[in-house]
């Protein structure tokens, strides 16, 4: 279960993204400072060539925002993203389009991610012709090729999206991204909306394509079992921060961050004989408008202590390629409350 | 896990439930001859792929389907067939005896009424509580479901609650009348695992405290494994298999159940291809002859294509509608 | 005659400014005569005058002064006496050149003096129109004291205030006025005149005017018995209402004439040559009109062919005038003679949305088309039409006129004489007519005046500055039990003798 | 609702008014024809017209006129009507209540007709009842207002004599009685618009999960309709109603003419035809104020009905 | 290229075509009737709509004049038929420009947002605080009565609805994943807007267009009633109804038949509108 050791293809440093919260008119009128949603807060992350990096975390923790910042759907507030030697956040015009060709995104919703008025063939051809991927004469052939690549028959080109099932639409979405022959695929909740049986079909497709086309994949999901199955490495996010990054094995078998531990514990096991009586974690996610000071997880953390409230823990390598942002693992060590592995 | 009370008369008996939905493209036979029983205090999981008829089944139990949808069969609750009960009497069962909660708490709660109002209307209807007494009771109920400072929260509107709190509020509303049976349609699908965990545990605790029956519709086998006593697997509008939860995971007796379990990630090795069930669910307007699962089934033989195999007892407390129930392997060790 | 009761009368629009001197419109004028009395009054046929507040008048031998004797015991509607001073003040106000549009009617008065109950008017020159002028609304006698007591810093402000609650000596007095909605006039208990039965006038307790702009609604309301009278019945519905046994559809004779006013100047405003500058063309157009057909079409048979530029109800109308018989052949010949063998293009302004204008002009389009005149109809709204008319920026337009005074001088001064309005803005000017008119304005002999007017009318007809069309009556529908109401040819609505019979 | 929010919205109206003032001022002066010669008619001589123009200050440069107009407006003086010779403010004061009464009355009738019928149509959707309701209102939508007005007048007024023909009456009761037909005319039009949207939003709400939840709670049908369905369905309707108040006031122009109602609609048309600048300016400004206030009220009511909207 | 994956069958070999509902067909049929009457009035009548016949004034319907004659002896049937041309023109011209302008502007400001949106929003506020009819009357008064000026007036006011509708829809569509995908695919903003957003955002405007067409005809009728609409002798239904109102008691046919024509047009537009709403709704 080892990740291919390769240089970072995408290097994210200190990425921060806030959104102005929808604010009441009155408070704006009164000149109260606008509240902001801290969607990403000082995120550091490397994506290595050829690897599958899983990103997990509770809803609203910033997974999609991160993905969108990487493809420049959102403009980040601070930080840098380097793609090879390109400064991604500074790209414009043709250079940005060139970057987007290399780094593609596939979307979650099988229903809204395809233009309902364009046939599958039109969708794919448009991508080909805008980027001049193929001379017009060869485009039809390429469309069929792409369709067969994702396991759809060539006739599919003439159909409209609504004639396909959810799983098939996700295949079309993948084909659309592949039309640009990208290096990196960012899959945001690619299979979350699908039934397990169909999910498995799409996952298999992704695995095979990655193998065949040498793709780097950023796999955003909240299904831990799936992330575990697919990823070489996993990043765990909480309230806009990366709290732990490590090779998959380490994250699932020896999670260090209390949040990672809680998350794993909360995921229902498939074994009816392994039932826990008490909830793995209590309390709700704090509002992203009001992120707790210091360590964002401290309000739900069973191990929180004074320092967690005042000082923000930074992501630190604790060996074995495992990085964690928790005061429990940074000197000076507290009263001895060590992490408990499940 | 509390065992179902055996011997006593079942809380709910469903016989030959059949639902037909007229649609522009033809009649949709959404539920076809579903039979099951539920004991007091028992948690029954209803699983299956999307479109298999789980929600339609659940809604039929309370006769919630609007006019052109036709429901046949019997839903016996305390000896009365809910499907033929006069509307007025039915209302005394709905909500009062049998509560129901839905998947999407955002859409299932009325956005223009406060949570308090929505609890209290149930209290007024079924418990005759009004005024202060109703307020008190409503706060108690919110408290019971683990919502902090329940008294002030009563005046909040659903949109002021977080997703998990909404789901708790919905449970509180359903529990207001202290039902004997709770129908839950994917109550945690929209939630994060951490909150899902809390909600499921809440349901189990309430089941224990109130000795309530619970039918839990879900398509997450993990939820089933963690929550249910018994499982009914649905496919193409029919029950394919019913069994105790351990039985099902250890010895599925239907090719479909087996396929579902085996298609889960984590069952095989890291980054190895999964084992999906090929194809997609059947079109309920044009059902194939014989076993509806046969076209996708790797075990299917000519025997599957004749008449549709009935749901038969194949082992103690274990029914299956699979011709090849005895040829199926046990599932591999399930991890995680 | 039955006494008492309220008559409800439907008007198409409300009055604007109930001041006898400063008003501008018929909407005021036609009502004012109920509220204010004049020294003399027009007779009901609109052709001569009768005594009013003055029981008698005498004109001096040199015709340069007039003495009027006030009727004894006359009072304003508030019970105060009408004095000679009120009369002088009122007439001075009415003839003040700074006041309103009508002061010209009393232009001949040089000064006014009073003695007891007589009023003496010293004149600048003999004025045959003066008796009629004194019977005209603007010469109404107003209560000087009450007017001066009205709030306001100056006369203009006082006039505005007073016009809101006018007190005069007419048969009625305004008691309530909700602008745009209704107006109620109550019987003036001090009114001097007696009816034909020798009893005090008016018979009615009150008259209520309801403002109902929509013709249909007015008629419906009348039919439903909510009104006892309604004015301006569309001519198209006269026949229908005539056959309604519950109603009395009356066509009061009027001085209203309908014509086409032409620009007689050789060039139009935009510099283009104007064929209508040629008298032959104008005559041809006159001959090419089938007036009988128009009367059927536009007035539904209620109209009457015009024989002169003035209506046959105007005093000194010349009954020997022939007008223009329908003669397309002659019209063609005249056009050919004028050099328009191949036809000619003309444009007429019409009031947009006016069904009458549309009917009239489209009919003319057809009739003229037969003699080679191509008529283009340009639709503009009334305000634009007036503005362009005043600026002489037109070639033809539909026109209409009603006399306000029982004398031919008013219409003649407007239509035939260059004067202040350029002969109805036609640009027409005939030196002989100018001379004849000047003469007529000082000629007190009715016979001689008649002869002068005959010449004027004949010369006018020959020059054809306008196209005569037809005269129309005032169509008023009354409930069967309404008696004694008249609208005189000048348009005044007289409720003084009206009564509601059982 | 916070008072300061309302205040803020009211303050926002001010710049809007300035724009409206400029627009209207320019617009009315672009209309060919001038008030004085229109008023004095064809016969008036040039001197008389010139004198009247001077009296009214219409001989001054337009920019000066505008300055004076704004200055007077700031003192709450809209000037005097050129035609009617009375202060515009007084005219509006007399007539606006009539139009407002009519508008509100029409809105009430429209809603009273639309809501139950829309619900009926929605509940019985795709049956003949639904078809009938929709058909009748469709008919109302495709006929001109004045035609409907005249038909109602002829039938219910003249023929059957149930209602007076035109007028306004003096007491509240009389207003209700006199304005019934005009309000019905306008209300029918409004109802036609409302029924369409309300029907579809009721249908939408009927399929909402919270309605199923309410049924699953065992609540009686009437309660579900009134408490759960209607309130939600009305949310969008309120906005639509607000947007249509402007249309109602506009429709009053015609209705008031047909029914001889002394409201501002008729006044405005007369003023436009008579080029009565001060009246046009005063009225359009008043309309702008009213419509703005209606929009504000709509927003406030909307916020009341829909707690998800937060203003403060 | 081959694949080892099990190729799932594409469902429903014959794509399920949603047939237009009968109501849409009826609407289209009615419209067809109207359009042929507008283009080839000669097909339906030989009589001129403007010729007077003094001999046949106010004749009730009979063989020679199936809809009777009006107060000028004109044939009502012929006027109704020729009126089709005018009224369809009114329906089209009162809506087409507002539609085009409003939709384009709406998609642009909805797409660009920020100041452009705010600016147009202020202008729209200014327009909507005037009651529609009032503003149109005022503008027509400025420009002079007649159809062309009515079109100008309606266009000056009518674009706001389309702007609103389209702007809102574009803003909603902008958030849809296919639009975001288009951006990630490196498509130019113009392409995203015109090829992807607009076709999906324009449906409500098209549906509204149909309602608006009948409203346009009615507006024409109202202006006609006030004398500001189509000018005589142009045969226009609204003006015909208005002109006929004086004869309602004696010659009902003058206003009834054009009234019927108005209704037919209104019903046709509305049926088409409902049908289009159904047909254009993207299928999911």
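Order of writing sets the chain letters: A, B, C, D and E. Residues in each chain are counted from 1.
Throughout what follows, contacts are C-beta pairs under 8 Å (C-beta built on N, C-alpha and C of every residue); 3 or more make two chains touch, one makes a residue touch a chain.
Remember, it's a predicted structure, so these values are computed and weren't measured experimentally.
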{"item": "Subunit E and subunit B - chains in contact with each", "value": "A, D"}
{"item": "Contact distance in steps, from subunit A to subunit C", "value": "2"}
{"item": "Other chains in touch with both subunit A and subunit D", "value": "B, E"}
{"item": "Rounded Å distance between subunit B and subunit D, as computed from the means of their C-alpha atoms", "value": "53"}
{"item": "Subunit D and subunit E: spacing of chain centres that average the CA atoms, whole Å", "value": "23"}
{"item": "Intercentroid distance (Cα basis), subunit E paired with subunit C, Å", "value": "47"}
{"item": "Where subunit B and subunit C are represented by their mean Cα positions, the distance between them in whole Å", "value": "90"}
{"item": "Interface hub residues of subunit E, defined as touching at least two other chains", "value": "6, 8, 11-12, 16, 141, 144, 226, 245, 248-249"}
{"item": "Contacts with two or more other chains, residues of subunit D listed in rising order", "value": "31-32, 150, 154, 257, 273"}
{"item": "Where subunit B touches two or more other chains at once, by residue number", "value": "276, 278, 280"}
{"item": "Interface residues, subunit D side, partner subunit B - complex", "value": "206, 208-210, 212-221, 223, 227-228, 231-232, 235, 305-308"}
{"item": "Footprint of subunit A on subunit E - complex, ascending", "value": "1-8, 10-12, 15-16, 176-178, 180-188, 191, 195-196, 199-200, 282-284"}
{"item": "Touching residues on subunit D, where the partner in the complex is subunit E", "value": "16, 19-20, 23-24, 27-28, 30-32, 138-139, 141-147, 150, 154, 243, 246-251, 253-254, 257, 268-269, 272-273, 280, 284, 287-288, 291-292, 295"}
{"item": "Sites on subunit E touched by subunit C in the complex", "value": "50, 52, 54, 57, 71-72, 141, 144-146, 224, 226-228, 231-233, 243, 245-250"}
{"item": "Touching residues on subunit E, where the partner in the complex is subunit D", "value": "125-126, 128-134, 137-139, 141-142, 144, 214, 218, 221-222, 225-226, 238, 241-242, 245, 248-249, 255, 259, 262-263, 265-267, 270"}
